[in-house]
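Following this line, the structures themselves.
The same subunit A turns up in both complexes below, where it pairs with subunit B and then with subunit C.
What follows is the complex of A and B.
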């Protein structure tokens, strides 16, 4: 019990530090790729505290409720990961976080936020099935939905679940809202929807959004690390490798439309998932 | 004691119905309905105390009464078919009437059977749902119908007639879930079809009558399958013993004989549960006053359909029929969730969501493992509460804005904050953790790998579910930067059922551990005599023992901690974030707003002052009924044919 508590506390403190650093690294790499010098790596933290110190501004009295929901359900998903609990439930909790994010944008009467929210819903539609398939794949492999069980296996998941691994890479891009999937909101300047879902956040509440993004990034990379959980450092290296891959894709790809995204993930992502699960079902069978 | 309990559960609603029909005073009617509701609810809890028992009524020749009423109902269908010139109704009335008459009189079938009723734990769960949630909806209907007729400016009130059918529905449902004699089950089945027809047609508009007729012929088609199942069982097994539900599910009759009639009965269940391709009658039923929809969708009618499929699960366990039922149910879950996205009317979204969730429940019955059956029973309970609540919310909203369109509900939070709050919780409880529906869906998914195709549909459907609920919620919550909420007053007849159902979501959700142990487990064992595969700590649900992990843990759902998380995440900010007037700002419109902060007017083209408007997305080209229905119905019909084919071949 005490051990679990310590794990939770450490995760809650360390995760945003790692997430923030990764975002700083992202900005630096992207700047270099574009021939700029770029901000220092710890710039996200400067921004975070600067935003926290600002006055609170509201465009709707309902918006903030959902932002706390977004933060807390994201944190709980991360807790599920570090405590090695049920992966399927983790995906559902992550879904709740996503819903809060969308509802936060919907609860203003702002055209740009609504644009973003509607598109974010399509993003959810694109990534949610892949994550659920991953849960099924993990069950097919281990006979349990518990993340704990993954760590007990000698053979990494990647060997049998590599089609799903590829599908999850697409999810990572969608979730990080990076090109070609920076559809609902963006880290670059795409003016026509201003900043989509997060247009109407400012000051301390915008800082909260950034905090959630850090947690989310660590959570997603953690999920990717599960593909090689024994020894875990290999998994972490793979996760960092995919992060760098995402940065490259982000810089060389142009943004695509939401429809294209859903089609891609519902065709390629699902086919990969279905093939993977069908293969496991046929080889392992059901006792 | 037992005979009194049975009489109250089945006959009291009939008596109360006749009383409210005769006594036409609003206050006396209200008193009778509320009293009946309380007695029914208490009675259903007494059943739980009493434990399982078998019962055959004495006194009258009840069998004869049932037979006579059967023909009265079928002749009424004939009359409806002829007077409306609706040939489908006529045909399917005849396909029931002629074989039934030939069987009972031509072949002189002897269909007396003891026990006539068997009250087991599955029936108890059903009667709890019917008697408590159904009664709450009847109470709600009192005021609703008053307002409804006031708004429609009727010369002569038709409310007594409405209440009669509404209350009698509960009695018929109770009889249906208790019946052990299939002939009696068939009778109660037809009574629910009749009540449903009368209630849908209630407003007597052309649309209402057409849709009621459609509901009638589809359910009569199901009734036809029921009649053929009866006759087949009786003739091949040579006797009334084959008509005992308990005999059929306990494996006393050889599997090869049982599979065709069971396939037919499942087909019947599919029609009543509005599974694709029969979804259109339930969608058409939306024209009826909202309490009808609430009743049909939550505690009666469609639940009779899933009850029938679930009840006979042991009889088709381990066959291909079971697999195809799982796939057909899962397909309905998927297709209805997709179609729900394109709906612009609130009640139609609710209807598609019901069809989808019934598909999920039926798929769980088809997967046919202890885990999935437990999931199915939990889903029946939680769906009844949440969907009952949502329909009552839809009715309340309708009587505030006099519209059912989602676009008209834009910004409802600012006009009717209390209703919006209750609706929001109701919607969240349909698809998010830690609420019961999600718990059931989680269980279903953990069980679904047995039928991978069903699992794939589950995954796709639950992603689609998120989209249509969130989209609708988003329309309700859109508010301008203003402070303070308007005071919203609801009539007691509205607010009591709403609050009770809302509290019910949390009480049943939080208490799921003890509730599962005390009676859902036994109900699961009524369907599948499995080992206990779900255990509860004081706060968590643990699934153990799986196909290939010996005594390992399959999954874990910490119930209480997640409710705590929910409270911290949404309730605390709602209670404690207070804004000050100086913190309010207008949204980003490049400064083109006119007037003060709380305005939604801006300078449009040529600097004309315009109110800006936002609309929802419905993706009607991609997901509309016109685009999808041909595909969906074709696939569903193919699945149904395979299902019946399974029955014929496996025989």
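What follows is the complex of A and C.
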């Protein structure tokens, strides 16, 4: 019990540090790829503390409830990962976090936030089925949704679930809201929908959004690391490799439309997922 | 110097607003973001949203139409904030100072912290101006009412 408590506390402190550094690394690499020098690697932390010191502006009463909901659901799903609990529940908690984010944007009156929220809903529509298929794939392989069970297996998940791994790579790009799926928050194209979903968050509340994004990145890379859970350091290396791959994709790809994203995710992700799970059941027999 | 003060200097996010500029100064502001000057190495990012900005970079003289927009934008930027008038027109009205529709420089409508002269202001001058403004920004209080 005490051990679990220590694990939770360490994870909650270390995860944002890693997430922030990864975002700083992202900005540095992006700058280098564009022929610029780039900000220092701890730049996200400067941004975070600056935003904490800014004025609080309230545009709606409900907005803050949803933003805290977003934080709490994200943190709880990270706790599920580090305590090696149920993967299916983790996927649902991640879904709730996404919904809180959308409702936070809908609770304001800004048309830009509404635009962003509608597009975020399309993003959820694009990635949520793939994550559910991953949970089903893990069940088909191990006969259990428990993450703990993944760590007990000698053979890594990647050997049998590699089609789902490709599908999860698409999900990671959508969840990181980077090009070509820079759709709901428009990191670079401010003249299109300003900042989309996060337009109405300012000061400390925007800092909170960044904190959740750091948790989210660590959580997603953790899910990717599960594909090679034994030994875990190989999984972590694979996760970091995919992160660098995402940065490359972000820099070489143009922004695409939301409809294209749903089409790609459903055609590639769902078909790969279905084939993967069907193959597992055909070879093993239905449990 | 506290952590938040240091972060303020390290991460100024810029909102650029064009009153009635000839686009000369605007092009110079955008030039600051290019690989040659690369202001992102100082943490400066060009924001399209006044609610996320710290520094207002304003170009061009204020006319009766844009005064309303400028005031609105200024009120949307959360404290602490800094206003920089870029170029001769934004500082004093420039060659347009006695036009019938021009009110004058930016300081006729909102308080200005730093004036950057030049027609058009050079990117080096703009970077210098922002760095000067940051010293002031660090010492402003957050929850100013």
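The rule we apply is simple: the second predicted complex is superposed on the first by the 284 of 287 C-alpha atoms of A that agree within 3 Å, B and C clash if a C-alpha of one lies under 4 Å from a C-alpha of the other, contacts with A are read in each partner's own complex, and residues count from 1 in each chain.
Keep this in mind: contacts are C-beta pairs under 8 Å (C-beta built on N, C-alpha and C of every residue); 3 or more make two chains touch, one makes a residue touch a chain.
The model shown is predicted, which means the values in this text are computed figures rather than measured ones.
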Subunit B versus subunit C as contact partner of A:103, first or second or both or neither: first
Contacts of A:114 with subunit B and subunit C, given as first, second, both or neither: first
Contacts of A:57 with subunit B and subunit C, given as first, second, both or neither: both
Per-residue contact with subunit A, leading partner among subunit C and subunit B: B
Residues on subunit A lying within both footprints (that of subunit B and that of subunit C): 55-57, 194, 199-200
Complex interface listing, subunit A residues touching subunit C: 27, 31, 34-40, 43, 45-50, 52-57, 190-191, 194-195, 199-203, 206
Residues of subunit C touching subunit A in the complex: 3-8, 10-11, 13, 35, 38, 40-43, 46-49, 51-52, 54, 78-80, 142-144
Interfacial residue positions of subunit A with respect to subunit B in the complex: 55-62, 64-69, 71-73, 76, 85-86, 88-89, 92-93, 95-96, 98-100, 102-103, 105-114, 117-118, 121-122, 124-125, 128-129, 132-133, 135-136, 139-140, 142-146, 149, 194, 199-200, 270, 274, 277-278, 281, 284, 286-287
Parts of subunit B lying in touch with subunit A, wherever the complex brings them together: 411, 413, 432-433, 438, 442, 445-446, 448-450, 452, 455-456, 459-460, 462-464, 466-467, 470-471, 473-475, 477-483, 546-549, 552-558, 562, 565, 568-570, 572-574, 577, 579, 583-589, 600, 612, 614, 616-617
